[in-house]
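Just below sit the structures, each encoded as structure tokens.
Next, two complexes with chain A in common: one pairs it with chain B, the other with chain C.
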Partner chain A sequence: MIRAFIFKEWLKLRWAFLGLSLLGFSFLLFTGHGLYREFAAGPAVPIWQNLVERQVMFFSGLKYFGVLAGLVTALVQWLPDTPNRGLRLQLHLPFPQMQGVGILVLCGALTVIVVCGLMIAALLLITQYFFPWPVVRSVGLTVFPWMLAGLPVYAMAGAALLDISLLRRVIYGIIGWQMASLYLAGCGYAGFEGVLGLYGLMALLMLFAPFISAERFKRGTL
Partner chain B sequence: MIIESFFKKISGWVLCLSAVLVMAVVLPRMFDLAFRQGAPTPFILYSPVKDLFFLSGSTPDGQRVYRDETGRQYDRMEFMMATPLFWYRNVFAWNSMPETIQGVLITREAVEEGYQVFRYRPQDLKEPPVPLWPLLESASEFSDLRLPETMFWKDGGLVFENGLTRKKDLEMTEKVNNALSEAGFSFPVKALWGNSTTRKPHDDGYFIRDAEGSLFHLRQVRGEPVCMDTGIRGIGEIRHLAVTEDRRREFYGYLVTDDGRFHLLMQENYRVESLDLKDFDPETMGLIFMADLLGRTVVYGDEEKIYALRLGLDYHPVHSYEEERIQGLSSGASRVRSMLFPFVVQTRAEYGRGADLRLDFSDHTSFAGILFFLVLFMVIRKWWKGTFFFRLHEAALLFLFGIYGFFVLLVQIYPCFEKKGQKSLFGLR
Partner chain C sequence: MTFFSRYAAVFFALVVLATFLPRFFWQAAEGQRNRLAIFYSSVSEGFLIHELDAYGQNFYRTEEGRELDQKDFVSLLPFRYARDLVRWGEMPETIQGVAVEPEKLPLSVQNVFFRPRSLDGPEIPLCFVMEAASGFVDLEMPGEVMRISGRQAEFIRTSDNRVLKEKSLLFTAAFERAGFHFPAQKAWARTSTRKPFDWGWFILDAEGSLFHLIQAKGQPQVRPVLKDFAPGIRYVQVEEHPGRHAYGLLVDWKGGVHRMNYPDYSLTPLPLKEFNPSEMRLTWRRDPLVHHYTVEGGDALSVTVTDHRDAVIREIRMDLPPLRSESARKAEAFFFPFRIMQGVPDSGYLTLRLSWNHDFLLARALGILAALGSFVLWRHWQGRSLKESPADWLVLGVCGFFGLFALLWAGHVPGQKPVERRAV
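Then we have the complex of A and B:
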């Protein structure tokens, strides 16, 4: 049963995974090409110094990638099953209901984590080719909270899509938006160093948000 | 069944606590935005002509005001004429510079040579976000500073990487670390301070704290690394050091020690000149240091108070002034804020760069607010549901989170969620 659940989610999420990965890698290719041209034009030290002195973020286009990944994953995963209440069928299968929802949420969250993880890894690979280690470290610490923002967005978008009350959807939407804004606060390079663990824990806990909405969805009551 | 129930419960609490978190971030900010008052920090200068501090600032309605410490008001030109050593370009252009001030002959060259300003901000205490530096030439034969081919970072010792080969420069790394060792440096490098920009008149290198807390001075002189033990002892642990690199070359920069004191690191034998700054707190207060031909002015303060100190050329206090600032919330609004919000979630590091996630608790008046929302919730509950009956989680939410818990519960018991059976906004039952 668990395998069937995962396969069903994979069928839904594979295109989102592919699309997001292509989008991210296209952006990184563009960024990498820009860096290559810049470094080919002259010595590296003035570019390094410019980054240190002016805090230039050559990867700032990735800032909202995590949010986009969370939102797209939630829409692709939940939207096909909610308008005609298709998900209710799954919730009435002879399988513990909340554990079933847990598998669905885990599949969605893993999609966000893997896509964002790939982007971080690829960005760090490009960065370490052009820059010394302290820059690679700072870039990683800067981009990680941006990607973490994808998890609360995914969780609250999922809760909002599954819920059947308009007011609750609006409130969950506001909570998701505000939670994401905490991760995207303009704190400069490595601004979240020292509190990344707390923010990471908060993002993981947020993944429990859609369960109660799924329960309401099954019952079909307010 | 236990797991099912656990998932539902934890889901409800996650939604509830995330709503509390968002409210504890947003509502106090909105309150501050609505009720915060006050004018921007006044700019304070010492007038050697009148032996008074002069202030240039704005009223809360945005009107520019120039006054002295006694409260007497001036127009802009009078203000500049009273502080001619700061506004010397204008005052010389008006041909209004006095020939002598305090018996000292005033020439444009002398004024320009004596002029220096630097600023300290509490966020400077943090390490640079990208710890990578160039070792510039301190005895350059050229008028401008050029970036070298390598940049370095600290990793126990100093590690240099060549920008052309993109590989570690082992030769330079060894040369610099040998220079440090020969000067008596104890590895690993604990802290490193310097000004990496090339947009400065000259380079004074870097100051490095070793494992034993000693301070060393590293420079590149004609292509060779030169390191010296500054011999600075007994001033406490250095928390921050800034290299100012001014044409005056009176001092290398300033340093802040862990006891909160502010010192100048003089170029003469690395002598430390400790400034006696009353109530100075480097964690919360900004500071401006202004040197002129006749003395030094230090202005520092925070949102509540601003201090100004005039020092003679020998760094002994000559005149001082302090002023309370009407900034932030009025006392009434501040009390209401404490009552309304039992705590505020701070997501920005206080007085510094970067993010944070901490609770700032209000004072004891917040208990009055909690009590108020408790009673209000009971009244509303009686009105809507006909009972004062409290559930345990409702009491916990109200007692722990005050207004935030009240709003969470209000939307939970709102009639539209109470029409049919099992339902509530956050699912807490």
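Then we have the complex of A and C:
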């Protein structure tokens, strides 16, 4: 049964996974090529000075990638099952209901984590080609919370789609948006150094949010 | 699981409410006040006040309250407005017996600004070590950066990201000769080519000693500056000024601010009372006769004036009208028993710090009681038992209205039945 659940989610999520990966890699290819052209076109000092002194981020376009990944994953995963209440069928299967929802949430969260993890790894690979370890480390610490923002957005968008009360849906949306803004705050490099563990834990805790909405969805009452 | 899910939702609602509601509240409720600046006039030997209101109107007056027009105000501050006075032909030849040479004023007038946010913040630990004695007038950014890692100083060429071994060995040996303990904790400099000369880097080693690094004709000059400095060094603000009066300011971990004098690196504690570098702003103005130290923060503005031997001449303190009225602070205590802050004034790092409201105990207690009362009414209206989800009462007791809003939004755990009401 578990494998069947995972396969069903994979069928829904594979195109989102592929699309997000292609989008991210295209952006990184564009960024890497831009850096290469800058290094080839003139002296490297201004590029380094912009990076180290002025904290200009050559990868700033990735800032909202985590949010996009979370939102797209939630929409692709939950939207096909909610308008005609198709998910209720799954929630009434002879299988522990919360375990079933847990598998769904885990599949969605893993999609976000893997896509964002791939983006971080590829960005660090590009960075280490042009810059030394202190820059690679700072870039990693900067981009990690941006990608973590994908989890609260995924969890809250999922909860909002599953919930049956319009007001509660709107507030789930506001909370997801404001939580994401906490992860996207700051304008310099590595601002979250030292508190990444706390923010990571919060992002993981947020994955519990869709369970109560799923219960309300199943019962069809507030 | 629905129980955990409900409290996870409540927790995140609380985080969002406690982070953003107090912020929005103060955006709406915080008042405005005119911008004030206080200057010491060596001509009148008194303080002058410049006030700018919200409509951009300027007001000038003496400390006794006598109104001045702009020209009188400028005439009383010849070092600050030297170019205007020279243009009008009204620059005094002497002030307090000291000859004034307008063309030399840029060497003796210096303004240094210190902000709490400078103390700490994320940065990439790579140092652009400029050539300080190139022989050319203009400074140039070097083609390599230095990093001080575990056991050595390494130079990395920017064009191809490769380590320059010879230069790295040369600088590492210079550090070791000076008694530097690797790795570096912090390094401070003003990396800009828009300065008259380069004073290189002040570097704090692993044991808390301060060293000064300058590169002259490709050779490192590393000098030990401070060893066994008991309060510990928190921050160095390097100031390359053509007058070369001081290397800059040094802030210690006990809140003391020192001027680091040129050329012997001696420290002169600044005569600042009740100065907290983590929260207050400091402006140091030097002119040919006096030093002014202006401290701004905590609803007060104070200025201390000393002569060049650091003897205090005059002091003034002005209490500014508070930006936050008492009624607004009471309302804050009633509605928000705590707040969550993502930033702190003395650091560029982000955090998630819970800060309890310690003002107005009665207002806070009333706020929590009002939240509890509202929740009881809501439960009654919904036909729900007061014994349902007992942890809700703890959330309300600790979080007040934040808890109330979060619980109202989260609703009850699905599946719990309402209390049966008796027929009337």
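As a convention for this text, the second predicted complex is superposed on the first by the 216 of 222 C-alpha atoms of A that agree within 3 Å, B and C clash if a C-alpha of one lies under 4 Å from a C-alpha of the other, contacts with A are read in each partner's own complex, and residues count from 1 in each chain.
As a convention for this text, a residue touches a chain if its C-beta (ideal position, glycine included) is under 8 Å from a C-beta of that chain, and two chains touch if they have at least 3 such contacts.
Owing to the predicted nature of the structure, the values given are computational and were not obtained by experimental measurement.
Asks: Once the two structures are overlaid on chain A, check if chain B and chain C clash or fit side by side.
Replies: clash
Asks: Determine, under the contact definition given at the top, whether A:64 touches first (chain B), second (chain C), both, or neither.
Replies: Neither partner.
Asks: I'd like to know which partner A:25 touches here: chain B for first, chain C for second, both or neither.
Replies: After superposition on chain A, A:25 lies in contact with neither partner.
Asks: For A:95 in the superposed arrangement: first (chain B), second (chain C), both or neither?
Replies: neither
Asks: Which of the two partners, first being chain B and second being chain C, lies in contact with A:192: first, second, both, or neither?
Replies: In the superposed model, A:192 contacts both chain B and chain C.
Asks: Based on the A-chain superposition described above, do chain B and chain C contact any of the same residues on chain A, and if so which?
Replies: The answer is residues 43-46, 48-49, 51-53, 55, 98, 101-102, 129-130, 132, 134-135, 138, 152, 156, 159, 165, 168, 171, 174-175, 178-179, 182, 185, 188-195, 198-199, 202, 205-206, 208-212, 215-216, 219, 221-222 of chain A.
Asks: For the complex, give me every residue of chain C touching chain A.
Replies: 1-2, 4-6, 8-9, 11-13, 15-16, 19-20, 121-126, 128, 141-143, 145, 147, 156, 158-159, 161, 191, 342-343, 348-352, 409-411, 413-415
Asks: Give every residue of chain A touching chain C within the complex, in rising order.
Replies: Interface residues on chain A, with respect to chain C: 39, 43-49, 51-53, 55, 98, 101-102, 129-132, 134-135, 138, 141, 152, 156, 159, 165, 168, 171, 174-175, 178-179, 182, 185-186, 188-195, 198-199, 202, 205-206, 208-213, 215-216, 219, 221-222.
Asks: Could you list, by residue number, the parts of chain A that touch chain B in their complex?
Replies: Per the stated touch rule, the residues are 43-46, 48-49, 51-53, 55, 96-99, 101-102, 129-130, 132-135, 138, 145, 152, 156, 159, 165, 167-168, 171-172, 174-175, 178-179, 182, 185, 187-195, 198-199, 202, 205-206, 208-212, 215-216, 219, 221-222.
Asks: Taking the complex as given, what residues does chain B use to touch chain A?
Replies: It comes out as residues 3-4, 7-8, 10-12, 14-15, 18-19, 21-22, 25-26, 128-134, 147-151, 153, 155, 161, 163-164, 166, 196-198, 347-348, 353-357, 411, 416-417, 419-423, 425-427.
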